[in-house]
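Pasting the structures here.
Here come two complexes built around subunit A, the first alongside subunit B, the second alongside subunit C.
Here is the complex of A and B:
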């Protein structure tokens, strides 16, 4: 940790995601370590997950029905804030991307004004494509709470992941102490 | 501090003439619609200025598609309208300038994996405020934005949306002040555009020995081996010896970032 600004350095982020990837391999979890080309902060983790939702996501079918949604979660480094960022895209079975309105509804944010500064589309810092992103502006404060963790990315991700449907197995806890 | 008002005004008043045309393949009426001409502020965003464009063209497309989200294309590429208009122009059109700027309008096949969905103005506002926050985090560790009230945030947004220079700058000047114990920002918020993306990096406005860094210094920190590149912003090529603290105060877009396009 950089004690001057209490933010996370790129090297710490890289160490943390590599540990997480190694542990993921050992327990047959599906995290992938990706490397963007020609990019200073190009390494990031990703994981695809299929979730079954019992609520209707589409606006034109008001009745409830089961739908399978594929989530592609990414953990990326934000150099401005010096912190990890969680973002994702999600598809319905027919291949269409979930809109931000559908995600707000799914994650119980639709009725709150703070949704606009919590979860919106942002540019993926490596892929430069729109991803639905948990805003990084509060993450720096959160990351400080995990100053004693041996793996801040794991501690942070297990805290914020469930907000957007991503649960981190308790097996990863051993990386943090 | 941003005290050269004449320059701030000049930058604010930058406009581009645009000719919008509906994709002929999407016209479902017998008669082709006339093109739609608009002078748009360089500092604004397309989703803020194209309500009239939508209204003009929507009745010419298949009724089933009229309610779909409109999107724009230039030179075969979907327009990345989360960038300010002037950035899109400098990036795609560059130095080979032919005006008006011809942009194709679509209602069908929204390229959802490539561009943002701005279904409401609130979502554009959220994007704009997220940029301001990031810039303030770089300049002041986020302390100015977080000390502002909601009405100040609102004034920045409404000032931009309604093209009101005084309204916008009454609040923005606070974001452009250096911290009280220094005469410069912590880092300079900038994006350096190239190829299909941009680079961002933590760059301080002064050197270790207190000298003011120039645009040339900034470029050298990012491309150590290519010192002879040129940069375009607001349609002009600023001299390489311009101090970046001054540039940040005077040439930043309303989102508080310098948007610098690499010239090849």
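Here is the complex of A and C:
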């Protein structure tokens, strides 16, 4: 299958994230539109979310304790893959970053081999820092399902977000239809 | 003496027990009928999209209080998918509501002709 012509253009991505940001403002969701400096594909969305987890991530023992974890989700354009990418970093109350192993455990991937090509640490396309990234290989295949969507980024994000704990409010559905 | 006095007493007890039993039974019945009202079913239509296999039966009645994630698990089981394959459900073919959304809410927002139409697609994990 020729997936090249199905990739998403930067202009489409930019239009979609601007619409999403405008809608986020209207419903008091917390998405921020950021502009990377001196970067051709520098605009990206980000949102911080604090989640409470009852299982201990910091130790290997199954001992249970409550911990608050802050997730910083980014929606960025990846020019190499020609598609949007969802990545995040997460840290505990004491500021320590979650490792990739802890993230696999958190999102029930730890026991599967496919974890290595689902969630991996990659370079953020704009910030050039390591981020835990939902691997973009199959994204263009997924995106082509949304031929009818008026906002492909929202359609795609509503699909993949819950895989890494990011639920998209149904309010955004109207942007796609 | 005491026996004859006790007899009517026990009769009274029995009859009061009996009526209480009746009351509780009728309460149970009421409760059951209430539960039946709560257990409202919603008609959903499952349509494949992308390369998803078809389901022999497309129309299902689902408990209104079930979360969408429950239907996802059901479709995975029905299609006998491998653990590395994922199923996503869409409203309007374009938006995947979060798995904790209750079927009734989705029906209220997106029903067409008294049915909730959900498109399902299957993908490999991201690899």
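Some notes on this structure:
Note that the second predicted complex is superposed on the first by the 170 of 177 C-alpha atoms of A that agree within 3 Å, B and C clash if a C-alpha of one lies under 4 Å from a C-alpha of the other, contacts with A are read in each partner's own complex, and residues count from 1 in each chain.
Everything below uses one rule, namely that contacts are C-beta pairs under 8 Å (C-beta built on N, C-alpha and C of every residue); 3 or more make two chains touch, one makes a residue touch a chain.
Note that the coordinates shown come from a computational prediction; the quantities given were computed from them, not determined experimentally.
The superposition on subunit A brings subunit B alongside subunit C with room for both. Note on the composite model: angle subunit B-subunit A-subunit C, taken at the C-alpha centres, equals 140°, rounded to the nearest 10. Of the two partner chains placed around the shared chain by superposition, subunit B is the only one that A:101 touches, whereas subunit C remains out of contact.
By the touch criterion defined above, A:114 lies against subunit C but remains apart from subunit B after alignment on the C-alpha atoms of chain A.
When both complexes are overlaid on chain A, the residue A:40 reaches subunit B alone and has no touch with subunit C.
Touch criterion not met for A:88: it reaches neither subunit B nor subunit C. Applying the stated contact rule after C-alpha superposition, one finds that A:135 touches each of subunit B and subunit C. Using the contact criterion defined above for the overlaid structures, shared-chain residue A:123 touches subunit B, although it does not reach subunit C.
After superposition on the shared chain, subunit A has more residues touched by C, the comparison being subunit B against subunit C. Looking at the shared chain after the overlay, A:77 reaches neither subunit B nor subunit C.
Superposition on the common chain A brings subunit B within a closest Cα-Cα distance of 9 Å of subunit C. Comparing which residues of subunit A touch subunit B with which touch subunit C, the overlap comprises 117, 135-137.
Across the interface of their complex, subunit A is touched by residues 49-50, 83-84, 86, 88, 90-101, 105-106, 109-110, 121, 123-127 of subunit C. Put simply, subunit A touches subunit B in their complex at residues 5, 40, 79-81, 89, 96-97, 99-101, 116-117, 120-123, 125, 128-130, 135-137, 140. Residues 112, 114, 117-119, 134-139, 141-142, 145-146, 148-150, 154-155, 158-159, 161-163, 167-170, 172-173, 176-177 of subunit A are the ones that touch subunit C when the two sit in their complex. On the subunit B side of its complex with subunit A, the touching residues are 82, 112-117, 119, 122-123, 125-127, 129-130, 133-134, 137-138, 141-142, 189, 196-202.
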